[in-house]
Amino acid sequence: GSGGGDSKAGAAPAEVRLGFFPNITHATALVGVEKGLYAKHLGSGTTLKTSTFNAGPAAIEAVFSGAVDATYVGPNPAINAWSKSKGKAIKIVAGAASGGVFLVVKPGITTPEQLKGKKIATPQLGNTQDVALRYWLTEKGLKADTKGGGDVHIVPQENSQTIQTFATGDIDGAWVPEPFASRLIKESGGKVLVDERDLWPNKQFVITHLIVRQEFLKEHPDTVRKLVEAHVEANDLIKSDPAGSARTANAALQKLTGKALKPEVLDSAFKNITFTDDPIASSLVTSAEHATKVGLLDQVDLNGIYDLKILNEVLAAKGQSPISDK
Amino acid sequence: MAADTHARQIAGLDALELAPARRAGLLTRAWAGTWPVALAVALVLAAWELVVLAGWWPEYVFAGPLTTLTELGHRLGEAEFYQALTVTLRRAVVGFALAIAVGLVVGALVSRIRPLRRAVGSLITGLQTMPSIAWFPLAILLFGLSESAILFVVVLGAAPSVANGLIAGVDYTPPILLRAGHMLGFRRLTLYRHVILPASLPSFLAGLKQGWAFAWRSLMAGELLVIIANRPSLGEQLHFARELADSPGLLATMIVILVIGILVDRLFGLADNALRRRWGLHQVTA
Amino acid sequence: MTAPLTEQAGGRVDGQQPAVRLQAVSKTYGQGKASLLALDNVALDVAPGEFVCLLGASGCGKSTLLSLVAGLDAPSAGRIDVDRRRIALMFQEPALFPWLTVSANVEMALRAKGLGKRERRARAAEYLEIVHLGGFGRKRPHELSGGMRQRVSLARALAQDADVLLMDEPFGALDAMTRDLLHDELERIWRERDLAVLFVTHNVREAVRLGDRVVLLSSRPGRVVEDFPVTLPRPRRTDSAEVAEQAGEITQRLRAEVMRHGAAPNRVPQEATPDGP
Amino acid sequence: MAADTHARQIAGLDALELAPARRAGLLTRAWAGTWPVALAVALVLAAWELVVLAGWWPEYVFAGPLTTLTELGHRLGEAEFYQALTVTLRRAVVGFALAIAVGLVVGALVSRIRPLRRAVGSLITGLQTMPSIAWFPLAILLFGLSESAILFVVVLGAAPSVANGLIAGVDYTPPILLRAGHMLGFRRLTLYRHVILPASLPSFLAGLKQGWAFAWRSLMAGELLVIIANRPSLGEQLHFARELADSPGLLATMIVILVIGILVDRLFGLADNALRRRWGLHQVTA
Amino acid sequence: MTAPLTEQAGGRVDGQQPAVRLQAVSKTYGQGKASLLALDNVALDVAPGEFVCLLGASGCGKSTLLSLVAGLDAPSAGRIDVDRRRIALMFQEPALFPWLTVSANVEMALRAKGLGKRERRARAAEYLEIVHLGGFGRKRPHELSGGMRQRVSLARALAQDADVLLMDEPFGALDAMTRDLLHDELERIWRERDLAVLFVTHNVREAVRLGDRVVLLSSRPGRVVEDFPVTLPRPRRTDSAEVAEQAGEITQRLRAEVMRHGAAPNRVPQEATPDGP
């Protein structure tokens, strides 16, 4: 299906459908939509239609079926979509956010050794945080198998459930993204044992990026360029006015989910996330390697998953240096 | 006379079971209908408050009645709540209506055509056990990100119940009535319309009730499929309340869902009472 | 009008406490305009060991009366006293449990007595034998003919071993032969057990064949209009001349009663007449 | 004789409707039971393959029958599949059994005690419409991360159906049978046991069937609640298949769920047939 | 044994095509050991416009025979031909639709004829009037007495306006008076419409009062054992001496037939005897 691509290659489509999650790590989209940046860049010929998803699978289903043309997602769904479609379905055209992931534990725990025999939650078996935790544990000489056994018991469960089980003492820690990390700290007195940024070169690793349907990219490169322009402007806005952007994002969240984040959680979470146009390709590839190493992913060839040509053109036009897809 | 009077013999529960319903005054009846509900609500609230006061869990994990009701009151004061309610109810009604239509046709065909029944009869229950999320990819493939995708999931959830209710009713139609209908010259469609359908009505109604429950649950899941901007829905609210581990929000949404479920049950109850009155079943158990 | 009848009925008790006593019993179905006065100011006594037959046009309130006595329904007015005894009621329909075999249906009547399973089965077989259905115990109700179902229902009622037996047209669906045989059986059991029987029938001869008294009900509202004592010596035979004669008399009276209501005896009265004309 | 014979008059569908089931040979009957199913499966596979061949969607979005069946065969060859199946089925059976017990007790109480019915009767349907996910937080609070939490969700999902089935059955028990039971000396519990329960059996069975569907769906959702070490489950597999956008995996899991649903329906079908045979309902519609 | 009877039955047709013809009809219920031969090699003709009454002990297969003729069941052997005519069957039970009012129940019989709603209602009212239930049209079946329900069922059967009318103990639950009135009505309608009637009853007098022929069935297996022509001039009266006399004769024969089967006429035969002794 070619969804919104109802015109010939090159011509602007009547509509572009963009997906994102009502989630603080998707602040680029939240701010961009709230401030009308996408609409502005797309111009009058093309209308923006946004779709919000509750999680990665729904977003990928929508991309696969041609129901959206571009969407913000995390690294896992992107790798999935790439490998399941054998490199045919999507391209990553820009990065959006980095960081904002922590291992939060009960106050008593201060060293990795103390995690022995403890239960640690991750958002989902085999997702980036799950892989990161497992890899980190092997580095520290602790064993954890994919079935929940070993020195440390890894309990994959939804983040909301983590909030609850951490409070009731069912788990001893969690490797989770924002805003859940901040909530564990602020609400349940959790302590940060690991800031995942510390594990990566330049303290940078991808948490959100923008993917586009390959077909759409082929047919409407200009429209994608306009999307990327808006995307870059949104990130620039966030960088230049973090406090204001945080409020904008929170207002958008309120609109979408009916519930805004508490100010202290919002501030702390926003501070821990870096918004960047760089998809930090190296972290994606390394993460995939780690996943393979801990036995959660078959060897996957990520070569060609990035198409940063448009991004680099946009950056060049703004006089910024190009970004590598390696 | 020392003999026991019957009034005493059938006292208590049995009197209740067998005595005919005497029409009491309107006020008395209203009161009889209200106090048990009021009492039940009061008991639940009290127990809930007690649990919270016991302090087993922090309030942000398990909100107390006060917090929850405040949250609910807050929501009731906002236009968004009513928008969400309208959107969800509209979807539920449309989806359910479609499911009834589909279920009726499928149930009617399957119940009377033997090879078809052999072929796909069991499939109906099979489909019923299929969780909604399994249909999501197909729904999106077929309908894209549209209302239709939601309705598709709702129909797939509810239609099997409706069909199964009808089939059960048909199977348990008293043979003597079928024979009577046959002798009156009714065949196939007319037999269906004049004999089988009315005779199956009680069972069909039960199927509808179950179908509504399936439809509603499927809807709650399905509303996450397509989150349409500026069109809030109950399913979405439920999900986000949970996603954000927002205990008062979750409990408030649960109350709303419960209340809707109860109201719908009352509607079914009215239909059911009318039916039983017609069939002369109310006299004994009323 | 009913007062002398009450005395007449009460007179037959001979000082003994009646097994069943109805005093000024009325029963109205429904409410408002659609209401129907089924029984009006009925007084009736049945002495222990007495066999009372109830006659009346179709729809005059006989079944209603039995279900009031059985306690299945409450009278709208008046008072019903039943001496501290077990009551059995044989319904106008067979009212068998479709999910049970014939034998199990009869056994249900024996459950209340706390008999063992084997004992129950043996007893049920006996009762089925009495109604000439020996060997049908393992069938299910739907495999029987109408008359056979009625006999199972009779076996079940007899098996209850009650002191008061209410029977609503128990032999209506039976051929004359089987009926005669069952008359004998019923009479024997009634004698042996010293039962009080209230027996509804449309067959006047049957009433005379069996009853100590034949009570005639009028139509809509049902009232006791006549109470015929039957003094013929027992055993009686349905086709005997004496029975035929008395049956003829009663039929005359019945006919007159039905005629009094006009050619269409079952028209709904325009208004319920709570106290009669 | 030029007159129409009856054989012709009741030809076709009506003969099927009204003629008594003649017991045919074992082989003939087996064949009559098999060919419609075989045909249905063949038709579905053919249609599926056609859709895939038409190429509307790439294979990675909507896998064809070959890919799916290969994937399924692959799974069937692995021990993990059987572990998952065992775990899930055990949970389903235990949860369902609990739900039946709870549903029976609640249904029995609510159907016969009038104030209770007024108070909580409608709540049953209310609870039935509550999506499983709404119970997750409570389940965890009450039972922690354990099997019990899963069972809790399953019971809450299925028990209302069972109770509602029973209540419907009780409400539609023919008054004449209640009266007969009363005259035989049955009161309250014994009346329940000897008259009302057996008379409600058809409706109760229908309720059980719906209850199973609810139990199964709740289980599929609930199995995500507590992912326990070394204990794979079907619900987990379904979820992961979707999570990983793994179309063949998802379809294979759906087939497994369908087959289980169909088998369970067959079990219910057997019970139902036995019941109808007993009640003498098979003669006309068989 | 049945061969001469067949001829006897066939002889009455006088060259005309019979409305109903049964030839060597057998019906077995069930299978194997539990099987029961309900009808065995029955031959029977009913001429157009003929009124045939069927007598027999309880459970001898009368209802089975009617449902075979009505086409509700298929014979196990033999052949049933019904002249291209509409058949109405009044069941042994009332078989009313509980969800419909009394009037609507009767109207159902008129639907097949494509009458308009108002016309249907008017006609239904007429038929209810005939069975003396005028004014009860808006009640529901459960609000009627047993005999009243039976009359509604009669009204429904009459309303069908069929050419062949099968009636299974239609007046079993009625008092003698109402019965007499309905006999007259039925006879009138039979005359006017030139109906072929097959009428099951346990009341021998009723059979003689109404029938052109009275056919006697034996018990288990059901066979035609005798075919009495009734030549009394019409109009006849149930309580007339002639009717009583002929009824007496038939009863004698019936009694002999039942006796032949022993005191317990309804014992299950040890083995099904497909071809008779």
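In order of appearance the chains are A, B, C, D and E, and numbering begins at 1 in each one.
Definition applied: a residue touches a chain if its C-beta (ideal position, glycine included) is under 8 Å from a C-beta of that chain, and two chains touch if they have at least 3 such contacts.
Which protein is which chain? UniProt says B, D = ABC transporter permease; C, E = ABC transporter ATP-binding protein.
In this text, all values refer to a predicted model and were calculated from it rather than measured experimentally.
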Length of the shortest touching-chain route, chain A through to chain B: 1
By count of C-beta pairs in contact, the leading pair of chains: B-D
Centroid of chain A to centroid of chain C, CA atoms only: how many Å? 84
Chain C to chain E, mean C-alpha position gap in Å, rounds to 27
List the centre-to-centre spacing of chain B and chain D in whole Å, with centres computed as mean CA coordinates. 17
Would you mind pulling out the distance in Å between where the CA atoms of chain B average out and where those of chain C do? 46
Using the touch definition from the top, which residues of chain E touch two or more other chains? 72, 93, 143
Residue numbers in chain D touching 2 or more other chains? 18, 57, 61, 136-137, 141, 179, 182, 242, 245, 247, 280, 283
Note the residues in chain A that touch 2 or more other chains, in rising order. 1, 61, 64-65, 158, 160-161, 164, 168
Residues of chain B defined as touching chain E within the complex: 176-177, 179-180, 182-186, 190, 194-195, 198-199, 201, 275, 278-280, 283
Chain A touches which residues of chain D in the complex? 56-58, 60-61, 136-137, 140-141, 144-145, 224-232, 240, 242-247
Can you tell me which positions in chain E touch chain B when the two form their complex? 67, 70, 72, 86-89, 91, 93, 95-100, 108-109, 111-112, 140-143, 156, 160
Write out the stretch or stretches of chain A touching chain B in their complex. 1, 3, 17, 22, 50-54, 58, 61-62, 64-68, 158-161, 163-164, 167-168, 183, 187-188, 255-259
Inside the complex, what are the residues of chain E that reach chain C? 29-30, 34, 36, 55-64, 92-93, 129, 132-136, 138, 143-148, 151, 168-169, 172-179, 181, 202-204, 251, 254-255, 258, 263-268
